[in-house]
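What follows is chain A paired twice: with chain B in the first complex and chain C in the second.
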Partner chain A sequence: MPKRSVLGGGVALLLWASAAASGVEPPAPREAPSVSVPVAELPPLAPAELPLAPPAAVEAKDKPNDDATAIDLSWRPSPDDAPDSQRVMGYVVRRAEAPDGPYVVVGRVFTKGEGKFTDSSFSWKSKDREPPESAPPSPGGQGPAAEPSAGIPTDPAPVRADPRGQYYYEVAAFGLSEGRYEESAPSRAGPVTPREYWLDRDQINVLVGTVLCTIVVLGFLGFARRGRDFYVRPIAGLKAVDDAIGRATEMGRPLLFVAGLGGVSDIATVAAMAILGRIGRTAAEQGTRILVPCRDPMVMTAQREVVKESYLEAGKPDAYVEDDIYFTTDSQFAYVASVAGTMARERPAACFYMGYFYAEALILAEAGAMAGCIQIAGTDAVMQLPFLVTTCDYTLMGEELYAATAYLTREPRLLGSLKAQDWLKMAVAAALVCGVVFAGLGQILHLPETSWMLKFISLFETR
Partner chain B sequence: MRTQVPVAIAFIAGVVMVIQFFVPTHHSMALRDTLLAWTRIISAFALVVGIGSLVSINISKLRRLSPGWIYAIVTLAGFAVMAVFGILGTKEAAAPAWRHTLDRCYQWLFDNVQVPMDATIFSLLAFFIASAAYRTFRARTFEASLLLAAALLVMVGRVPLGVEIGAKLHEAIWGGSTTAPVTPEWLQSLTEWVLNCPNTAAQRAIMFGAALAAVAQALRIIVGIERPYMSGS
Partner chain C sequence: MEHPGFWHVFSVWVAALLTLIAYSFLYKDNPAYRFVEALFVGVSAGYGLAIVYRDVVIPDLWKPIHDEGDLLRLIPAVIGVLMLSRFHPKISWLSRWPMAFTIGIGAGMSIPATIQANILKQVQGTMVSPVVLDKATAMENAVASVSNVVLIIGVLSVLAYFFFSKEHTGGYGRFCKLGIYFLMFSFGASFGYTVMARVSLLIGRVTFLLYDWLHVGAVLLR
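Up next, the complex of A and B:
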């Protein structure tokens, strides 16, 4: 009999004997390190003194749809990783460029059970791949309990690897036994090479949707260019814009424009700037002052340009006052206090709230109501819409905010794109109805996931 | 030329960023990172412009002694103190003690001035909700009456006082009594239905419309028929 079998049999016998004495089933025999000691000379061995068993079925795969900077690892838990056992605290993952090593720690997973880890320590920049002079220690853990515990070695920050290389991985279970760090024999996987993708396949449905939307919008722009007339339903809030400016002119009071709390890259802020351009031009024509307090310096810079252009287009560049478009603060409630103070002091005749808003929407609108202003709001912030609807005289809801420029200018191409939106909405509604019907039928008829009805629904899932 | 160059830049940047979203190669990611870095640099410069605007407006208010000039002093003093404490103060162990003191002063001012003032403004919401609700819930129109009915229903089903009212209502209609007031099951179901069905449906409809409109607006900007960065279209 080979030595390993002799030892394995001996350990099994001992375990069986101890288990029989305590009245429990002995655990299944497992492989132990090869030691050439006769069975008779072995000291009695308690189950806890066995080395930790390694995890099984370690798999290393390229993470799909990325720029070759991640490898996904998975494994089955160590047999010692039982829910009621505290022996295994987690798993340590190491990486090497050759099967024989040297392996370096790339992370620790402080979770039990089925293991998953994503090694993202790859970089295309050679500068990032140089080992730091004094690498700061890093717990390198993933999972809920990533805090390093006493007794568990602190791993150095992993050096980033070249995505063009081939790599091997090993995963070992670790834990603490009477305060002493212990680790199982490693289970290995590899070789694996990160792969670079030219198309994010998870986003194919988004790509198709984008292409369809583009075709429909460009198609309607073409119709508009050929002179087709489009009907756009009246939008009360936009019809009231000119009245509000007229009121301010008659009263000799300024207008106040607030572009929300969004940054310059938010599409709602961009839509707000388009409306500001239109309001600015009318205000310039009528000689009405327009105040624009800004929360974001970049938005302020852009809005200054917009208002300046408006005054130029109105033929009154000298009337433009740069200081009327001003930065206050980027702190949310300090900004609200500043705008409310401006309302109280300057007594604007009309206030416009266009853009993305958070909790400050109601405070702004109530301060405006107390100052006796006509208030017109427009936002796609669904949570703030009820507050604006209840406090403002007119509210542009969601898409109406984006329709403002087309509605106010009546430019045929812009109106064409509004019509395209209507057709796209109908397509979305049709897809929704089909999805609801198919999902219902799937439940009633117990359709398999492979049925075309359920596959249709999965087309709209995003990852 | 003055209009064509910005439109061309907007078109190229828009198309490139749309393509970048679907192409995850490292060149594409590097391009995204570079553009994001540019944004950060531009925003840093814009911050300087913003601070310049803040200071110049408040100084001119002081010079002209325009109404509320006293607040300009508070603004400028607050700005100067926080800027000095924030720039010179540090937590670095090797730094001299006076810089640690400045850092502690900065933290103290932030915790004891900025945070309570923020909380004060935020707490105004409670009063403003009440006044807004008073104005809105005067049932003058059919829509306002509907809003009032839905709001009452949800409040009775959700708010602690409403729970007690609901329990009393249930007792009055169907009899029986409970030691601890609990929302009757039918009221709970009705409240849930109002929140989950008509409310969520309306929210989703608005979101669908807004998302499609945002796509259309983005396309209009990319192809240059709408130019919000140049006073509209």
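Up next, the complex of A and C:
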């Protein structure tokens, strides 16, 4: 088609469009009146000339199963948000307490396509809802590409809202056109009010699991109290504990016990204290000194109680030396330096590392090896187990640390608890086998998601 | 080039000498190491106290009570003060209350979290099909199937190893031994991974000594 005709047709069309918009009858074109131009052949308008189209079908809903501190938003993408187009970079979400505003930015989503955003800027605490004196700028982005590009305005951190209020939202597409920030007209939704739930239905399986575990443990504790004897298989590392204490007694050297870096409420620390009690009693009976450097003041207090009680049980309360259980520092490597120094100077015959450890595990074990100690470790810190396995004489791995207490003390309550754990492990193994068989059948028979076999697997899904 | 100030040079020298003295423990214990050890412990303990005062006592206790009249904060404050009762033998038993409180809260909070993270998630993650048929090619199906079978056998055998009610004998004992092999394989991988991280820490310290202290790093690299 000749270029002139195209231009002529385009100009005519524009003239007609502008006239129609102003309500004036367009003058009859004098040139090329009979030229008809297919729309597809019209020259495209530059993107900057058209504003970004807004997203559609914006929905704001209360986020279920929470404490009324979040609203879920969803929307259909802007028509300009095509996979092969770079025009739309994301969406900006704003919130207001009234339909007319003022709207404030609560977040930006740096993803294209179907949009989702969760506004979690709610708080029950009035203090949290006060605007900060100097709010640090925050892009507030969600999505994989949260790093804002140059040209995108940085939004102030959103002020938290009262969950009891009613809120309106607007979502707009944004992008950069020739380095200039542009934004579509907003699409609005609301009103919506966050709602609080007493029960998180997404975690009912956790509740059922907790109740089942509690029932099984209580049942076995009852059996144990009635005097039923439970068998526990020998654990290699534990048999060595008495040998190590005997060695220290023969050599006239002290024992060193390190309860890791965990806090007093960590399960590994609690298990470690039970083992310390057993070691302390044997040490008291044999008249062997026990050194316990501590990193946590609360753990130190608990350990003093445990060792003191051990000495009482052994009938030697006067032999208890409180200063042998001492605080050093809560700094990880300073603590290690102190313990390593103690090992070098006091030259303990046996070192026990029981509890939760971090990077210091290897340094401790190496210092113990240099001092010629027999070393027995026990931890549930998976990352540190390889180091303790390679450097210590015996290592209690994970669950063995928990079982150690029952094995050493033979106390009925602990044995009952251990037996309950074994039964629960059997139940887990049985569920695993069933799930694997069902998953296999689902794959071979192409079962739909709604089949009871695949639903069984989804029973274990957690948020 | 701007000349570094006296205090910068001084701090680099102090840090370098302390580093070397700390490494001297690798040879054997010595008075210099003891000095550095005591210095490290003392500085870190004092620093820790200052941090707790600045980041916990002032913003979480003093300001809410004094500035905002939040008297509920007195409850944890009193519970914390009970820890100090240990200094007086007659009332030292009171220090057991905050400990019981802390242990109870910790255990109560960790039970559902443990069931969720260590049981349900792990079980669901292991419920995979031993026969995979939905991949693009037969080879991919075979690889995925083998991977899943290894995962299933590994989990079950390790679970069997940590079963304490039966002695590891016979066929069951051999299955448990398989669990130990799986554990050792995973420990080996973890060991190698962490050793690499430790080596990078050593490199960082040696770099400090060579570049910041001795300024010979650039010469060595030429």
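To be clear about the criterion, the second predicted complex is superposed on the first by the 352 of 463 C-alpha atoms of A that agree within 3 Å, B and C clash if a C-alpha of one lies under 4 Å from a C-alpha of the other, contacts with A are read in each partner's own complex, and residues count from 1 in each chain.
Keep in mind that, in the parts below, a contact is a pair of C-beta atoms (placed from the backbone, for glycine too) under 8 Å apart; a residue touches a chain by one contact, two chains touch by 3 or more.
Values in this document were obtained by computation on a predicted structure and should not be read as measured data.
Overlaying the two complexes via chain A brings chain B and chain C into a clash. By the touch criterion stated above, A:221 is placed in contact with chain B alone, chain C being left untouched.
Once chain A of one complex is fitted onto chain A of the other, the partner contacts of A:298 extend to both chain B and chain C.
Once the two complexes are laid over each other on the shared chain, residue contacts for A:401 go to chain B alone; chain C is not touched. Of the two partner chains, chain C is the only one touched by A:426; chain B is not.
Of the two partner chains placed by superposition, only chain C is touched by A:462; chain B is not.
In the superposed model, A:442 lies in contact with chain C only, and not with chain B.
Touch criterion met: A:68 reaches chain B, while chain C stays clear of it. Legend: residue contacts after superposition of the two complexes on their common chain; A:345 is shown touching both chain B and chain C.
By the touch criterion defined above, A:306 reaches chain B but does not reach chain C.
Comparing the two complexes, residues 203, 206-207, 210, 213, 265, 267, 270, 297-298, 301-302, 305, 328-329, 331, 333-334, 337, 341, 345, 359, 362, 382, 385, 387, 390, 397-399, 403, 418, 421, 425, 428 of chain A contact chain B in one case and chain C in the other. Listed in rising order, the residues of chain A touching chain C in the complex are 127, 203, 205-207, 209-210, 213, 230-235, 263-267, 270, 297-298, 301-302, 305, 328-331, 333-335, 337-338, 340-341, 344-345, 359, 362, 367, 382-383, 385-387, 389-390, 397-400, 403, 407, 418-419, 421-422, 425-426, 428-429, 431-433, 435-436, 438-440, 442-444, 457, 460-462.
Within the complex formed with chain A, the chain B residues making contact are 18, 21-26, 28-30, 39, 42-43, 46-51, 53-54, 56-57, 60, 67-68, 71, 114, 117-118, 121-122, 124-125, 128-129, 131-133, 135-136, 203, 206-210, 212-221, 223, 225-226, 228-233. Residues 65-69, 124, 163, 196-200, 203, 206-207, 210, 213-214, 217-218, 221, 265, 267-268, 270-271, 273-274, 277-278, 280-281, 294, 296-298, 300-302, 305-310, 312-313, 323, 326-329, 331-334, 336-337, 341, 345, 359, 362-363, 365-366, 369, 380, 382, 385, 387, 390-391, 397-399, 401-403, 405, 409, 411, 413-414, 417-418, 420-421, 424-425, 428 of chain A are the ones touching chain B in the complex. Chain contact summary for the complex, chain C toward chain A: residues 22, 25, 28-29, 33-34, 36-37, 40-45, 47-48, 68, 83, 86, 95-96, 98-99, 102-103, 105-107, 110-112, 114-116, 119-121, 123-124, 126-134, 152, 155-156, 159-160, 162-168, 183-184, 187-188, 190-191, 194, 198.
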